[in-house]
Amino acid sequence: MRKSLSHYDPAGRIRMVDVSAKPATQRQASASARVKMSLRALRAVKRNPKGNPLEIARIAGISAAKHTAELIPLCHPLLLSHIDVQAHFGKNGVELSATVSSTGATGVEMEALMAVTVAALTVYDMCKAIDRGIEITDIKLLKKSGGKSGTYHAS
Amino acid sequence: MRKSLSHYDPAGRIRMVDVSAKPATQRQASASARVKMSLRALRAVKRNPKGNPLEIARIAGISAAKHTAELIPLCHPLLLSHIDVQAHFGKNGVELSATVSSTGATGVEMEALMAVTVAALTVYDMCKAIDRGIEITDIKLLKKSGGKSGTYHAS
Amino acid sequence: MRKSLSHYDPAGRIRMVDVSAKPATQRQASASARVKMSLRALRAVKRNPKGNPLEIARIAGISAAKHTAELIPLCHPLLLSHIDVQAHFGKNGVELSATVSSTGATGVEMEALMAVTVAALTVYDMCKAIDRGIEITDIKLLKKSGGKSGTYHAS
Amino acid sequence: MRKSLSHYDPAGRIRMVDVSAKPATQRQASASARVKMSLRALRAVKRNPKGNPLEIARIAGISAAKHTAELIPLCHPLLLSHIDVQAHFGKNGVELSATVSSTGATGVEMEALMAVTVAALTVYDMCKAIDRGIEITDIKLLKKSGGKSGTYHAS
Amino acid sequence: MRKSLSHYDPAGRIRMVDVSAKPATQRQASASARVKMSLRALRAVKRNPKGNPLEIARIAGISAAKHTAELIPLCHPLLLSHIDVQAHFGKNGVELSATVSSTGATGVEMEALMAVTVAALTVYDMCKAIDRGIEITDIKLLKKSGGKSGTYHAS
Amino acid sequence: MRKSLSHYDPAGRIRMVDVSAKPATQRQASASARVKMSLRALRAVKRNPKGNPLEIARIAGISAAKHTAELIPLCHPLLLSHIDVQAHFGKNGVELSATVSSTGATGVEMEALMAVTVAALTVYDMCKAIDRGIEITDIKLLKKSGGKSGTYHAS
């Protein structure tokens, strides 16, 4: 079996993956999330008279991606060359996606997931006064490319 | 209508809620999340020979709660008096919950949600080498108490 | 002479001011800054088709205020109850102001100055591709209230 | 027109510049700032019996440069190879300058501006007990080199 | 037995101590550390022509105390009202001590230890080019006061 | 004399070392520390029924290494490719060691020392309720390799 829990050593102790010998290659990962809210909350967010209320969620997501290695204990610090967060109104809430790029020795899946997740939590924060029952769901990796393990597409 | 988008001023510009005049009261909030993974990944995590592989997720969640005000742009810095993160194996993955307590002028919902979310992302990080299709779902507020808006229980 | 360099001990060594014995009172401080840019840059910023391009500067300023104690070595960590950043187009650029509130043992002047300064730097960052000669000027305290030293108004 | 607001996409939404395809080159940027204070405050700072009171401002500026990507939302994380902050007494206050170097895909203007600005705010913090009317002015880019846009010198 | 490992629950899982019900009282803690270096390194540090080379270690220690809750996983965020770090040349190196004060529901031992430790590491960093064999020893709590467990003095 | 206090300029002012012209090479550094505690505390830690109580110290050490450049004023930000922290029970307490790897223009000694030190402080935090007299000693560099100054082994 090729795949294993790379974050554990043979004795079962947690460990960081050693990427010292891996070459720096171009990496990209995309992730998505969904914020489900009541129609009432959704209407209130959309009615906002000025500017686009999803912009703050996008900015929060971009900033959060830069903090990934501080928040996820075994993540490596990485130089991110691009962080893009998209936010759109859907039928039942807000649809979020993020794409992160880096040239480095390890992938940026966690950065993309962190971006989309904190963007979703920011939407929650903006709307919670109207609807406390908001749910965040469907946080998942859409795609990843670069590195030895090659390209992955969510089925 | 009593409830509104408190994070926007009348002109639609984003704003922080002013809690200067609100008294400090005991606040508590609980949130939950679910990490859905393949049976293969779940078995690999459980098989880990030594210690409890969910401990690192719990620690990451506790730490993340302390970073909430840095990650969510309009959150207030708060003195958290307790952060508890629980993680259990379920049938299809890992079930997470978090409870955060504070004595302050505003609630700790976002802190509980942040704890449970980063704990879930840490589980993802630990297992992604085996299963890239892992999904994080059902992130929601379970309960909140304290403050003028009173107690909330998810239905 | 009542006033002295409170951040130095009698031997001239740097020190933090000890506020252990000071009571927590309501504090507020306001500060302002100005970003001077070419008409060409100003027009480009204003022409932006969607949303308000100054919103990101406001969000960056709010977030920065929360980081004041990490950036200014002798500042005390404080619980900020409100951070407001305003940004308006003026004749020669962008006018910024910030008001920060806290209930604590020491003032929030540095937090207001940090908010307005990082907001100004964010405007710079947004416009630097068009005009590298942008200048940030007139960073100053407008007002402070609360605490033993009483209220201050810039003349 | 070659130059545009690179931080906005065609629809006017804020975006980070994608530097994934840009080669890493040696970059350098210098910036300056001025802290204007009353003669009384200036004399008090200079009279400080031991050590150089501007050293703490220099250290704060060096540290702040490392935090630039966390404070300015659309800045890329960068590996800074050198941060130099100079602080001198002038006729009306303190003159500050900073030079930052990096080998990377994007420039270090914001890092130099952040260094000089936080150094100036630290001087403010050290002197505010004596003079609340201190102003920070003339924050500007002096020079930048490296990258496709070539060398810039403030006129 | 009154004392136990408060950071573990009855099942042996790591936990944060819940201080929600504890009253805020004045707390203080002092800690010390020693940096042992060769005479050659010690002489070089002392010979430094301008200012006091231990000042940067003191500033680094003060700043580090504010980061304690981010670095020590189960520490509570606290409002520190004073952080004092002292550094003196001894016979075989540098003697460091720190005193931290807070009004809160839990003690500041870890903050005092963090201050003194990072100050010591900063001395190490300043001198390592001359002497790589420097050792940091005798990091310990000197005193603590406040809170239910009362006053402690190192014997 | 080849070696000097590289962190001071000829005038005695603190400075960061300029590594702009140094090539990126593979670097590694190892450091160790010792936590001395009473037999009673040691027995209580070992008796912990579930999991390995030293795991949280290891995780805290790994995380702390990533924060080195924020805590030590003149350290350069670095991309760490591996951080390993080991913790074992010894006769009189806990023995800690850390190895950090990076490909960069400067060494990772401070990162290894930070990892081992914060891991030791975390052990202290876990045990302080039982034994306030715990001491952290013998923090030192064990080995370093890579870079112009070559390999160092503690004698």
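Order of writing sets the labels: A, B, C, D, E and F. Residues in every chain begin at 1.
We take it that a contact is a pair of C-beta atoms (placed from the backbone, for glycine too) under 8 Å apart; a residue touches a chain by one contact, two chains touch by 3 or more.
Given the structure is predicted, the values throughout are model-derived calculations rather than measurements.
Shared contact partners of chain B and chain F, listed by label: A, E. Chains that count as touching both chain D and chain E, per the definition above, are C, F.
Chain centre most remote from that of chain E: A (centre = mean of CA atoms). Rotation angle, chain A onto chain F, C-alpha superposition: 120 degrees, expressed as a multiple of 5.
In whole angstrom, the spacing between the mean C-alpha positions of chain B and chain D is 36. Per-chain CA centroids place chain A at a distance of 31 Å from chain C. Contact with two or more other chains is made by residues 13-14, 50-52, 55-56, 59, 63, 67, 70, 73-74, 77-79 of chain E. Touching chain pairs in this entry, ordered by label, are A-B, A-C, A-D, A-F, B-C, B-E, B-F, C-D, C-E, D-E, D-F, E-F. Of all the residues in chain B, the ones that touch chain E in their complex are 26, 28, 52, 55, 58-59, 62-63, 66-67, 77-84, 101-103.
Per the touch definition, chain D reaches chain A in the complex via residues 13-20, 22, 69-70, 73-74, 76-79, 104-105. Put simply, chain F touches chain E in their complex at residues 3-8, 11-14, 44-45, 48-51, 53, 56, 59-60, 63-64, 67, 70-75, 109-110, 113-114, 117-118, 120-122, 124-130, 132-141, 144, 152, 154-155.
The touching residues of chain B, counted against chain F in their complex, run 50-52, 55-56, 59, 63.
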